[in-house]
Each structure stands twice: as C-alpha cells, then as structure tokens.
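There are two complexes below, and they share chain A, which is joined by chain B in the first and by chain C in the second.
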Partner chain A sequence: MGLPALLLFLAFYLYPALQNLQFATRRWDGITEPEFVGFRNFTNLLTNDDLFYKTLGNNLEFTFLVVIFQTIFALLFAVYLVNNSKVNIALRTLYFFPTILSSVSVGMIWLFLYDPNFGALNLFFNKLGLNSFALNWLGDEKSALYAIAFTQVWFHTGQMMVVYIAGLQQIPKELYEAAEVDGASRWKQFRNVTWPMAMPTTLVVMAYTTIQSFRAFDLIMVMTNSTAGPNNSTNIFSTLIYLTLFNELRLGYAAAQTIFMVIVMILITWLQRQTFGKRYEK
Partner chain B sequence: MKTKGHKAFASLRAGVVATVAAALVITPLAVANSAEVPTFGKKCTTEGVSTGTSSKSLVCAASSGGKLTWQRVRLAATNANPVAALTPPKGSIEFWHYRPEDKAHFELIISNYEARYPGTKITQVIKTTTDYNATARVQILANPRAALFATARGSIFNDFVNSGLTLNISNQRFVKQNLVSKGLTAGTVDGKVLGVPYHYLFNNPVYNTEIWAKEKWAFPKNLTQWTAWCKDAKAKGYVPLAWPGATRGQAAQISNSALMNSAASYADLSKNLEDLNSGKIDLTSPWFKGVADIYVKLRQAGCFPDNPTGVTEASALNLFATGKSPILPTGTFSMGAVKALNPELGGKMNLMSMVLTDGKVIAEGIMNNTFNLSVNAKSSSTNQKIALSFLSYLATGPVAAIYGNATTQHVNVLDVEYTNVDLLNTSPFQGKNTMLAPRFLILNTAVSDLTQDALIQIVGGKNTDEVLADFSKQIKQKLAG
Partner chain C sequence: MYKVSRVIALVTFAAMILVPSLIVVLGSFKTDAEVYNKPLSLPETWSLGNYSRLLSDSDLDISFRNSVLVTVSSVILTLIFASLASFAIARMITVSGKVLAGLFALGLAIPAQINLVPIYYIFRDLGLTNSYIGLILINVTTTLPISIFILSAFFKQVSKEMYEASEVDGASPLRIYRSIALPLSKPAMGATAIFLFVINWNDLLWPLLLIQESEKKTLPLAMLAYRGEYFVSFSMLFTAVMVASLPMVIMYLFMQRSFIAGLTAGAVKG
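Here is the complex of A and B:
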C-alpha cells in the first residue's frame, strides 16, 4: 500500500538529497567534467568564506525580525478583527489582500516606493519636513535588510492573521465570560486567556514564518535587481545558493551551502520547539 | 555736365567693381565647397569626417603622401564589395540559439531564405539562456544536425571553442567583405574567426541632443573636461549622468569607459584584466586604483545622481526621459526603453564618446556584441555548407536590416539601411575608434560582479582604500573556492 509513496519519496526526495551530498564533494561548473575535491568545499565554507558568515548573520537577523513582527502584527490584527462583523470582514479582506499578489509584483511595488529620489516614502517624509527619515532605503547596506524585512512582514501578515483568527475563534467564549466575571481587564484577558490558548497557533505561525523567511528569495532578488543588496547586505541562504549556482556556476560549492542551510533551518526549528513547544506542553 | 560716354564708363566701372567683388567672395567659397563635396580621391579639410558607414561611404583621411583626401570608409577587412549569400545544397539543419525574443524575426528571415532556396530547410531550436548555457554544448556535440548555433561572447563561447565545435570561417568571402572587421574580435580566437558576432552595440553615453543644443555645451574630451561639464550641468539644475547604481549590469557600462584608456595600450589593459580575473593582481593594484580614482573624481564633481547606489535602471531611464538628466551613460540598447517612456525623444538622442583620461587616448568609444553565430565543426560537410549559406545570407545588408530594424539594434554587417531614426543617427559610431567592451574580459562572474560592486560602493561615498581592500579580500576568497 505504501510502496508507491515510498518510491516517490526515494525518487524525488532521498535520491536528490544524496546526489546533493555527492555534488558537495565536487568542483564543478556544470559544463566541464566534475573534479572530486573531498571535503574542501565544506572546509572552505567554514574557514575561508566571509560571505558565508555574513549571509548566516543576515539570514538570522532577517528571520528574527520577520518572525517577531509578523507574529505580533498578525496576532494584534486577529484579536481586533476576530468577531465576524461586516466591518471586520472588510478589514480582514483588506489586510489579506497583499497575500494574493505575486511576490514579484510586491517586490516591484516596494522597489518604487523605496526609490530614494522618486519614491512615495521619501516624498512623504520630505513633505513633512522629516528629511532625515528619507533614506537610501535599498541602496544603503545599513537599511536594505530592514527595508526588505518590512516588505516581507507587510506581504504575509494578512495570511498569518487569518490563521490566528481561525485559532482564536476556537477559544471557548466561556473563558472570556468567566474572566469578565472575575473583573479581568482586556489586557489580563489577553495575557491569561488569549495568549496561552493561542499558543498552538503561534507555534504554527512561527514555524511557517521561519520557513517563509528563509524562502524570501524572490522578494530579495526583485528588490535588489538580483544583486543581493549593496555589499551583499541582503544576501540570505536562498539567494546565496542561487547566485553561487547560476551566477558563478559553482555547483559543488552551492551544494555544500545547501547542506549548511538545511542544518541551520533544523537548528532554528528545534530551538523554537524547545523554547515555545515545551512551555505549551506544560 | 555728364556725357553719355561718362555715364557709360561709370556703368562699366560699377559693373567691373561688382564683378570683381563677387569674384572675390565667390571664389574662396567655391574652392572651399569643392574641397568639402565628398568625392573619392579629392581633397578634404577635416580629418575623420565621414559620409556614413556603408561600403560606399567616404572618410576624410591622410593619404600616403600626407594629404587629406576623401577615401573609401574601410569597415570590412578588404576594400572589395560585399558578396551575395552562398548557394546551399538541399537538406535541412538546426539553428540553435537562446533568444526567444528573436524567434519571430528569424522565422521571417528563414522563410525568405527557404523560399529563395527550395529544398533547404532551417529549423530553430530555442532554449532559455540558463538551460542553453548549461546543456547546449553537450547536446550540440552529440547532434551534428545542429550545424549553426549561437553562443554568448566570453566564457560560453570559449567553452564551445575548447570543445572543438566551432568551424574556422576566416577565409569565407562574406566574413572578409560583408562584416565590420572591428566587430569580429569577440568571435576571433588566435587570429581565426570562429564565430560571427551579429549584434553591434555601443555601450557609450546616450545624450539628449535638444538639451545639449539648448545649453550650447561642447563635448567633453578628457577627464578634466568631464568633471568641469558635470559641475556646470549640476549648477544648471540637471542630474549630469542618469547612472543606475542599483542595477549592477547597467551601472557597469560606465566602467568600460573608465577602463578604456586606463592602460597604455589595449594589450596592457587586457593583461591587467586577465590578471585581475586570475587573482595575479587585485583591486588595490596601482592600475585599478587609477580606475577607481576616475569614479572618485566624477563623484566629487557631482556627476552622479543623489543616493546613487539606490537609483534603479527604471529611475535612471526616468531621469533621462523626463529631461532631468542630459546623459544616460548606458548604451544604444537603452534608447528603445527611453522612447517607450517619452516617444518625443525619438530622433533626439545620439551617442557621445566618454574619454575619462587626461593622458593618452587609445579608444574613443565602446562597442560590444551579445552573441556569436558559429558553424558546427562536427557537422557533415553538406550541413556545414547549408549553415555557411544561411550565415552568409544573414550577413547581407538587406537581410541584416530586417533583423537590425526589428530588434532595434545595430548589426555587424555592412550596407544595412536602418529605418529606425535612432539607429540611423548613431550608425556613424561604427566608423569611430571603438574598443570591444573591456569589462567582459573579466570572465569570472564573481570577480566581475565584485569589481563592479566595489566601484558602486565608491560612488556611494565609501572610502576608496577600504573598499578596494575589502573587495580584494572577497575576490581572493571566491577564487580560492
């Protein structure tokens, strides 16, 4: 019964994964004959590649920012829009709208909004006399990562809000009624009822957002014109691997980078489980 | 009292005076005109002036005796007239390329060709660039029917050459007589023509002729004049150069001009770039510091837009198309996009040289080819003949005109009649002392990208020495990997 599934798993998951391991021990441009180099790609990556560590730092910072802010905003919107009134439904639709756009469109829209000389954002700040807030958003390595992280949050908050609303609507109303009878304020209701009861949803949202932030490839490529930002300031694992593979034609090295990316993702997910999962289980 | 005779004498005298005066005025004009009416072998006055770039065009040049005379513009390898296409044997071949955007244009050309030579068939095999670059070489090696194929100039073309796939076509008459010889460099290896570079692009600044005339600007001829011009243009409220610092590929076009005259000769420049590519020298070398210094001087003169590292290609096009900037420092290939934004600029754009040195000038402009067309050396003799015939057909003026006008790009073929006004206006640049875009001599993409990124960071205001040291380290690590 499970044989077809097993065959599919072997053919489309295990075999490519093993082949990736094999590629990681080769020096290969995809055109000439591959050369076996043992673990040189791995040692090089760890001992002689500043860009790898910069990417790791960027990826962790990007993930941290996106997970924190996307989760907070999604929860906040969900709490305020949980009731199915007409206004709430309209607002939910509005907040959810960016999710249905393609990432390339979103990237292009924000690329124009962030334009330092013509962009609406800087024109707005300049109109208000807040010239110091009008930055070279995507052209400066100090702000580029944050600008893209903000776009990522804007892009996906609505989606996570819907997940939260589904979770919040499962919380029994009696719990709020009891809290009200006990004289609990709105904040106390949130802290003692909503937050703990929404923890399973939070775990799902955080896990999904983490994976999503690792895959913010298209947004970064569009918003940085496929350069991974000024001085690689917005390079994350997915863009690094793509550029190593398709731009520099270093297939073996890209395969080694992929393995490290998987390890980092496993570690982050494990840490999330350790931090939030155990608390929830208690 | 005046007599009749006196009156007659006075009239005669006035007539003589008028005749002499007219003669004095007209004679030099006539002499001057006779010198300036371009006639083959006749005297001319302004060296370098040409009447066009066709095989019939004339150029004012010094003869062996040192006199300036009108001579034939010699763009091809020989003075002989272009030849007609070779007649093919019957049969069919495949034409492999990676330009889906050209499919319809080639389809039209192929249908004309097949109608002219019944029994001969050409089938296009088109792949995406990524797919083509990764797999086409191996597939063509195993497929002798793929008798004609395209390759991107540079490393991909070299891979095909090293695989023994490219037939030597140096001795073909159409190669010597129909093509601009200077434009063959990208398809020539060790003196053998192994590919025909078909496009002929100019990676030189495009300027707005209307603004230029209005401001009565003279064309800057060296770095000092460029910086002075930038200051003047900025003072008049313009963004001197609509430079797209956020789009690496387009930002890099200006580096061709900076590199062009950065060494004593093209050979020296090639060696420097090859050494940079291989890691023998890095960005902190005195030569490259000189190149970086050009950027610093341009930056200090206010040549670049505000927040230059954040200016995308779209923003730069906008600056130029709206007249906020008089120069778009990219190339002819941007003119189509400019016209899409502002159709009124059609016919009001032209190309200018960008000499960024105060020293010796070895080239006054940049040209480039995007792809080479080669005949498969492993195909059968019949298939090679068909491929050569079709290639020679593509190398005839009227056929190349179909392609050039349809793609709004110049082609590396003589006697092409451009119907597009902007192509027409900029065609004389083919006769200038241009250099094949030197930045593409850095074949390693990582090295090339990091080199450009370093220059972009310098324009962004970073400390030059720190940037060059930092990016040299990054290049070293890439080459070690």
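Here is the complex of A and C:
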C-alpha cells in the first residue's frame, strides 16, 4: 500500500540526493559532456571563493538573528496570550495571519514599506522628525540583510507563537501555584518554571526556525529582484545555489554548494541541541 | 509594570500586522500618487481600475488557474499516497513497515532543496520542465515525508482492537483502510490538507526551477515576473497581492482553527 509513495520518494528524492553527490565531482554546464574533477569543486569552494565565504557569513548571521529574535518574540507573545480569553484568541489569529501569505506577497508588501522614496517606513520616520532613520533599507549593503531578517521574523513569529502556546498549556498549573505561594515574582516564575518546562518546545521552535531561515530564498528573490542584494549582501546558500545554477550554469559547483549547505544546517541544529538540550537534561 | 509592557507589546505587534495589511487593501483601489503620499487614507474614489488593468495587461488570470490546478492535484495526490503509506507503516509491525518509516524519516532530515540541481537535470531529460505534471510530481514528492509523519502518528492512535476485529471479519487491508482508518482520521487529514494547500499555493522555488513558459506559470512565479515589470507601480503590485492572497485569506477567516492546527502540525515534527 505504501508502494506509490515509496516509488516517488525513491525516484525523486533519494535517487537525486545520491546523484547530487556524483554531480559534485563534475565540472558541467548542463549541456556539454560532464568532466570528472574529483574533489576540485570542494577545494575551490573552500580555498578560492570569496563569495562562498561571504554567503556562509551572511547565512550564519541571518539564521542567528532570525532564530534569536523569532524565538524570543514567539515566547514573549505566547506567555502574554497563553490563556484562552476571547481577546487573546483574536490576537493569536491576527498574529498568525502573515503565515498564510505567500513569501512573494510578503516580499512585495515589505518592498513598499522599505522603499527609499515612497515607502511608508521612511514616511513614518520623516513625520516623526527622525530623518536620520530614513534609510535606503534594501538598497544599502549595510542594512539589506537586516531588513530582510526583520521581514522574516514578522512573517513567522505568529506561527512559532502558536507552537509555544501549545507547549505552555501543557505545563501543570500547580507549578505556578506553588511558586506563587513561595512569593516568587513573575520573572522568577518565568525563569524557574516556564523556561525549563518549555525547553522541549524551544528546541522544536529553534530547529524549525533554522530550517525556515535557510529557506528564505523566496523572500530574498522578491525583495532584491532576483539578485542577491547590493554587492551580494543578502546572498545566502539557497540563493547562491540558484544563481550558480542558472546564471553561471555550473551544475557541479552548485551541487557541491548544496552539500555544504546541508552540513552547515545539520551542524547548527546539533549545536542548538548541545547548548540548550544539555541544560534541560540537568 | 508587567501589565503596561504587555499591552504595549501586544498593540505594537498588532499594529505592525494591521497597518501593512490596510495599506495593501486600500492601495489596491488607489492611484500610485495616493499610495505614496497618504498610504493609510481611504481612496478618494473607490475604483476597480487597478483590477481591470491587472486582468488586461497581465496573464495573472491564467496563472491563477494554473495555481488552482497544480495545488489541488498536488494536495489530493499527496493525501492519497501519504495516507496509504501511513496506514501501511502503522499496521505493519514487521520489518518492511519500519524500513518504510525510516526511509521517510530520512526525507524529513534531508531538506528537499539539496535536490535542486539533480531535479532540474532529471526533469529536463524526462521532458517534465514546463509541465504541470512535473510540478505536481515534485510537489507531491517533497511533501510526502512530512505528511506521512503527521498521518502515521495518527493512524497509530487508532486502537489495535479495531483493526484486529475487522481482520477477523476477513476484511482486506484496503477495505480496512477505506472503511475504518480513513473515516477516523478525518481531522488529521483535514489538518494535513490545509498545511499542504498553503505550502503548494505559495511555493516559488520549484516553479522557478522548472517553469519558464509564461502560460504555464503559477501565481507566485507570475508575480515575481510582474514585480520585475511593474517595479515602480506599487498600487498594481498591491492589486496582484490581493488577487493572490484572497483565496487563502477567505479560507483563513472561515477556518482559523483548522488553519492554525494544520500549519503548526507541520512545524511540530520534532
């Protein structure tokens, strides 16, 4: 009964994944005969490619910022909205709303908000007299990556908040009651009850957000008009791979880049588990 | 102190979502000059001009149809294949069930993007680029592992006695699947369907990789091209955003609970 699923999975998931390993050892433009180059794609990436290191740096910075801020805000709003009152449920529905939009739509909305000439954000800052805050958000290589990271957090905080609320509602009420009897402050209750008890959820949220941030591809493509930002300042692995494949027609090189992307992704998730998982077990 | 900071935080984030949404909705009825100078004011005249212009000088109506076709087919096929496989995993305590489960778990661990390069190459050779079938195939394949993960957890909850009783009655596995497992799993199937619907409807990556012909483009892809052409006209971009988002927004308004359940089931895969 599982046969159709199994066949599809083998043909278009597992087989390509293995083929990708083979591609990574070729120099190939997709048209002429591929040439076997051994590990040269990998050594080139590591020793002779500034763009690769810039992309790695961008991706790490982007992921770090998005994971930290999205997790903090998701937890904060979950703590605020954990009780099932009417107002809270309405706010949850509103906060979750961006999640159902497409990245392309979200990208277009923020493209307008960030626009240096017509955008609502700069209009807002100028009206407040804070003209120095009115930047060319997406056009300046100093701010472009942060602007997109902010949009990403705006996009998915509501989704992770809902995951947190499900987790927080599992925490036994007696723990809070006991803490209150002991006269623990709200911060102490958070520190000693909520945070440790919600740690399994935190790990899920961080792992999911990490993968999600690696997939910010759509958002970056829309917001930078299918480039990777001024001076590659918003190039992350997924955009780099796509541009190597389509603009440079270097299939083998792009395949080697995907392998590095997966290694980095796995390393980050492992690191998160090491840092937070250990403390949780204590 | 706690109460004040709570209200400030909640109102700020609510405004950060409401204000841009309002700008888009109102902007789709406005001229560009109005959008730029007074993004939040009501339109001077409520005009559908942007919408009729969008229809006449873009192929977004065709892309809309393509998106419906591809999304609906992908969701239905994924649900059928995934539920069959999940049922097999839940019922086969034997080695083959475990192997199947393990294989799809591997699919959860390896992100589908790793296949960007080979999929492009394989699909080109099979003549599956610029084809709805190609797009549906890759949609189904990439969403199978997560769907199977959600559904097999559910099928396992159905009590063993229920399955065993029907086996004693001599019912075939397919029959048990159809008359016991499926009816019982309606909520899980619904949640998975919504999850798949949103993912497929909004996806840009695979269409961008596989579709070049403009009459085959899905909505997100067509919008990306439209953004290139109409970069200076935000009122037109807002109109396109409205057209692309409206089906989702309407469904969300009527089925908030199922949407939230479905889209977080996908996240909580641990």
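FYI, the second predicted complex is superposed on the first by the 268 of 282 C-alpha atoms of A that agree within 3 Å, B and C clash if a C-alpha of one lies under 4 Å from a C-alpha of the other, contacts with A are read in each partner's own complex, and residues count from 1 in each chain.
Throughout what follows, a contact is a pair of C-beta atoms (placed from the backbone, for glycine too) under 8 Å apart; a residue touches a chain by one contact, two chains touch by 3 or more.
Keep in mind that what you see is a predicted model, and the values were worked out from it rather than measured.
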| item | value |
| --- | --- |
| Which of chain B and chain C A:D50 touches, first, second, both or neither | first |
| Residue contacts on chain A - larger count, chain B or chain C | C |
| Touched partner set for A:G30, first chain B, second chain C, both or neither | both |
| Which of chain B and chain C A:N41 touches, first, second, both or neither | first |
| First (chain B), second (chain C), both or neither touched by A:F118 | both |
| Partner chain(s) touched by A:R191 [first = chain B, second = chain C, both, neither] | neither |
| Which of chain B and chain C A:E248 touches, first, second, both or neither | first |
| Which superposed partner A:K142 touches (first chain B, second chain C, both, neither) | neither |
| Which of chain B and chain C A:Q159 touches, first, second, both or neither | second |
| Partner chain in contact with A:V262 - chain B first, chain C second, else both or neither | second |
| Overlapping contact positions on chain A, where the chain C interface meets the chain B interface | 30, 111-112, 115, 117-118, 225-226 |
| Residues on chain A engaged by chain B in the complex (per definition of touch) | 30-32, 41, 44-45, 48-51, 111-112, 114-118, 136-140, 224-227, 230-231, 246-250, 253 |
| Footprint of chain C on chain A - complex, ascending | 1-2, 4-6, 8-9, 11-17, 19-20, 23, 30, 73, 76-77, 80-81, 91-105, 108-113, 115, 117-118, 120, 123, 154, 157, 159-160, 162-163, 166, 186, 204-205, 208, 211, 214-215, 217-218, 221-222, 225-226, 238, 241-242, 245, 251, 254-255, 258-259, 261-262, 265 |
| Contact set on chain B toward chain A in their complex | 130, 133-134, 137-138, 159, 245-248, 305-315, 318, 444-446, 449, 453, 456-457, 460, 473-474, 477-478, 480-481 |
| Chain A-touching residues of chain C, taken from the complex the two chains share | 2, 6, 9-10, 13-14, 16-21, 23-24, 27, 35-36, 39-40, 80-82, 84-85, 87-89, 100, 103-104, 106-107, 110-122, 124, 137-138, 140-142, 144-145, 148, 173-174, 177, 198, 201-202, 204-205, 208-209, 219-220, 223-224, 227-228, 231, 234, 237-238, 240-241, 244-245, 248-249, 252, 256, 259-260, 263-264, 267-270 |
